[in-house]
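Both of the next two complexes hold chain A, though its partner changes from chain B to chain C.
What follows is the complex of A and B.
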């Protein structure tokens, strides 16, 4: 039986672990040179910083996952540095690209562990060099051992905001401020659900306390207004408004932005898995059950690509999906393990719901985005252009959904194919048309999943 | 049963042809209702390559293409937007002496239809287009041809038609079609509609509609395999094709290069279509053979859509031979985008005047009457 696992983050590693344990030799593909996923991204060879310095409180988990990854590589058909740019089912087929060379691999069953990426709400000036997502700010630290600036402002909400801030503090990077756009009150209300995972809650409180103790300015209920600089290619300050409505100008030379993450679901989409809008996560998520099974036979999902759950959930879900695959293939299943995984997954799901309520996607920021803000940075489309295109009296009529808006404005048509701006664009459109985000739809998945270089011409015959 | 809404003309299918027909009819004061299953311009009209070309067309199509060309040049006056139409010229390349001979042979066709065409030899090609690869030996250049943005045309025509009084009903599929007493009755989720005249501009699905009036045609679905690159500095001015086909490309001034060739897969009953990864890779290889500088440029998206193709690769345009008041324009066989504006004008004349100045010889549905095959 040909089994493929896409991704070598927490979900992919644990999935492959179970498959190998059952005697299978899966094809295992990852875009990174050495796996680990974004959360436990590994530094390039020769970097000497300790796991403690790189991953902070997560060091033990990171080290364990890396050890498992390294032990599994020789027992699988390991393909690092490889992009899966298209998938087909019945018969199953993956299109791969490595070092500019395209190949194809058949499969009977596949577990897609494609992870997540930052969810961003554009702020005027966010296209200046020095502005990154929170995830990118973290990867700069983890993979390259550097900060995004000397005086960094971190803006957004969610666990990643506080984690990155703490990691920057630990690394000795200069922090100008940490601005949480979620009002303190909102988080307090949602705290009721958080004790489902007291460890995570304690970690969050620990981060905030340490930042305050270090004298880092911290604000809650903040609204970012603009990232400014005299020349167009520098960051000099962040203008923002506090919860009381007062405006501030924070001097900084870099800004990290992020409001949680969203599933990287293009492969699930191309495989034909139905995608629905999850109002709690405020994300489009592929349809799957607790076991990782999807309505498409032979396609299993695990990790953040299957709906955001975080790294701990990803490890559980990866193992669970592998067990589901084994069961469907008629191979022996570890029923005790399955029961244990499902109990913990259910508990985590309740915690996740509370967390999402504590850190909701700031749809109001997208709705209030000034017209001149560049919304789609690949194609330089402003929020105003999108709003104008959506209007029924535009030259091409109304855009009742996001793909039509894309056709008229080029929003989401660039290099990233809307992976960065798509979520915010949908909010801007929904607010303009006065309808739900779900009704606006999502950008259609179209191969290649990521840019595919045209090869050198073949030598003339 | 609900009383049907009355119209002078009903149009089934909101592609370029149907939307243009609605526009022309509304401007003539006719009460026109266009019924579109999805959004206007969703299939062949919106997903095609965007070529606006007369060069290389079948002689039977050329009178329509020439009329359309004049409308393309007047789009801003007609509908308030140019749909990014640019006359960059169309350069058709030959990669062998046989292909060069094919280009030379077309010169006679062009001359008889007053289509300006220049034959370029190897030296002239190198001088004018130094970025062409060594496999290109000759080319013919049509300076008046060009390209436009296919995502804009049908919606812009529809919007102009609306402003002229046409009813453009999207998400309104026709579920049944009856004819009797000189009138057509269409059932839809939005209620029934009736009119004495009906235009069939339903693309691939126009074949089913024609069959339901006793005029089956051997139509098959066609799913062009399209892709676009990231933006790179603007260097490919003309719209490029090759003798023998298999690859075509154009660059827009903002830098993206649109490349087509071969076919994806699709299921018109859904409808769904998707590009084929193998074909995408093959066409990338064919494109870089023509323009070696494309090596290393990334393809960022690929797509397809559903068109209808007939065995002689030209459309059915003209009156029904079984049903008075019914007029067909479908099966554009992968090159209908340029024709859309004129088709609408022609259908308008046929519906309101019973005749058109534009010769439609060779495009009648009657050419399939004897060899009626099952609809595929």
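What follows is the complex of A and C.
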């Protein structure tokens, strides 16, 4: 039986662990050179920080996952540095690209553990050099030992905001301020659900307390207004409004932005898995059950690519999906393990719902984006252009759906395929048309899921 | 923009060429780090005339960090290791 696992983050590692334990030798593909996913990404050879310095409170988990990953590599058909750029089912086929060489691999069953990326709301000036996602600010530090600037402003909401802020503080980076767009009241209300996972709650409080104690300015209920600078390739300040309605100008030379994460679901989409809108996460997520099974036979999903759950859930879900695959293949199943995994997954799901309520996606910020804001940074389409093209009295009549708006404005047509602007574009469109975000639809995935290298390097001019 | 080298920087120096200028970086840098921790400032200019860009996601998803490397063509600076002697231009 030919089994493939895409991704070597927490979900992929635990899935492969179960498959190998059952005597299989899966094809295991990851885009990064050394696996680990985003959360447990390792720096390249030559970096020497300890796991404690790199992963903080998650050091133990990171070390355990890396040990499992390294032990499994020789027991699987391990393909690092490899992009899966297309998938087909019945018969199963993966299109791979490594070092500019394209290959094809058949499979009978596949577990897709494709992870997530930052969810952002464009702010005027966000295309300036010096503005990154929160995830990028974290990767700069973790994988390269760098801060994104001398005086960094971090803006957004969710656990990653506070984690990155704390990691910057500990590494000795300069922090201008941490601006949380979620009002304190909202978080307090939702805290009632959080004791399902007291450890996560305690970590969050620990980070906030340490930042305040270090004298880092912290605000809640903040609204970012614009990122400014004189020269076009620098950031000089962030203008923002506090919860009381007062405007401020914060001097900074870099800004990290992020409002939670969204699934990288392009491969699930191309495999034919139905994609639905999850109103609690406020994300489009592929359809799968607690076991990781999808309506498409032979396709299993785990980790944040299957709906956001975080690293702990990803490890559980990866193992669970592998057990589902084994059961469907008629191979022996570890029923005690399955029961344990499902109990923990259900408990985590309740906690996750509370977390999403505490840090909701700020749809209102996206909807209120000024017309001149560049919304699609690949194709330089402004919010105003999208509004005009989509308007009922616009040149094309109403665009009741985002793919139609894409055809008129080129929004989401660029190299990122709408990964970056898709969430915010849907809010702009929904607000303009006065309908639900779910009714706007989502930008469909297309192969190749990422640009492929040009086979013939262009001649230098 | 300028990345600030904070920690884990005692790696061997390597030299490459960016926009015709020799630049010193460290073994293990990505091209993005190597360029932006020096005087590079930015990685490319938007083809739509809205100014310079320097990447956004650092995880190979946004495609905003592409540069031109002689012999390799257009690559993502955030996922491409810097290597001695590379000749890199803004894309």
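In this text, the second predicted complex is superposed on the first by the 456 of 461 C-alpha atoms of A that agree within 3 Å, B and C clash if a C-alpha of one lies under 4 Å from a C-alpha of the other, contacts with A are read in each partner's own complex, and residues count from 1 in each chain.
Just so we're on the same page, a contact is a pair of C-beta atoms (placed from the backbone, for glycine too) under 8 Å apart; a residue touches a chain by one contact, two chains touch by 3 or more.
Since the model is a prediction, treat every value here as computed from it, not as a measurement.
Enquirer: For A:356 in the superposed arrangement: first (chain B), second (chain C), both or neither?
Expert: A:356: touches no partner chain.
Enquirer: Quick one: classify A:220 as touching chain B (first), chain C (second), both or neither.
Expert: Neither partner.
Enquirer: What is the contact status of A:404 with respect to chain B (first) and chain C (second): first, second, both, or neither?
Expert: In the superposition, A:404 touches chain B alone.
Enquirer: Please indicate which partner A:453 is in contact with in the superposed arrangement: first for chain B, second for chain C, both, or neither.
Expert: In the superposed model, A:453 contacts both chain B and chain C.
Enquirer: Is A:128 touching the first partner chain B, the second partner chain C, both, or neither of them?
Expert: The answer is second: A:128 touches chain C but not chain B.
Enquirer: According to the contact criterion defined above, which of chain B and chain C contacts more residues of chain A?
Expert: Residues of chain A touched, chain B against chain C: more for C.
Enquirer: Where does A:427 make contact in the superposed view: on chain B (first), on chain C (second), on both, or on neither?
Expert: neither
Enquirer: Just chain B (first), just chain C (second), both, or neither: which does A:53 touch?
Expert: A:53 sits against chain C, while chain B stays out of touch.
Enquirer: Tell me which partner A:304 touches in the superposition: chain B (first), chain C (second), both or neither.
Expert: neither
Enquirer: After the superposition on A, what does A:102 contact: first (chain B), second (chain C), both or neither?
Expert: first
Enquirer: Quick check on my understanding: which residues of chain A belong to both its chain B contact set and its chain C contact set?
Expert: After superposing on chain A, chain A residues 414-415, 451, 453-454, 456-458, 460 contact both chain B and chain C.
Enquirer: Which positions of chain B touch chain A when the two form their complex?
Expert: Residue list for chain B touching chain A: 39-40, 46, 79-81, 133-135, 151-152, 155-156, 158-159, 162, 228-231, 274-275, 277-278, 280-281, 284-285, 287-289, 292, 294-303.
Enquirer: Would you pull the chain C residues touching chain A in the complex into a rising list?
Expert: 1-12, 27-30, 33, 36-37, 41-43, 46, 48-64, 68, 70-75, 79, 81, 87, 89
Enquirer: Report the residues of chain A in contact with chain C in the complex, numbered from low to high.
Expert: 31, 38, 43-49, 53, 117-118, 127-133, 135-136, 139-141, 143-150, 171-174, 232-235, 253-254, 264, 374, 377-380, 414-416, 419-420, 450-451, 453-454, 456-458, 460
Enquirer: Chain B touches which residues of chain A in the complex?
Expert: 85-86, 88, 95, 102, 104, 394-397, 400, 404, 407-408, 413-415, 417, 446-448, 451-458, 460
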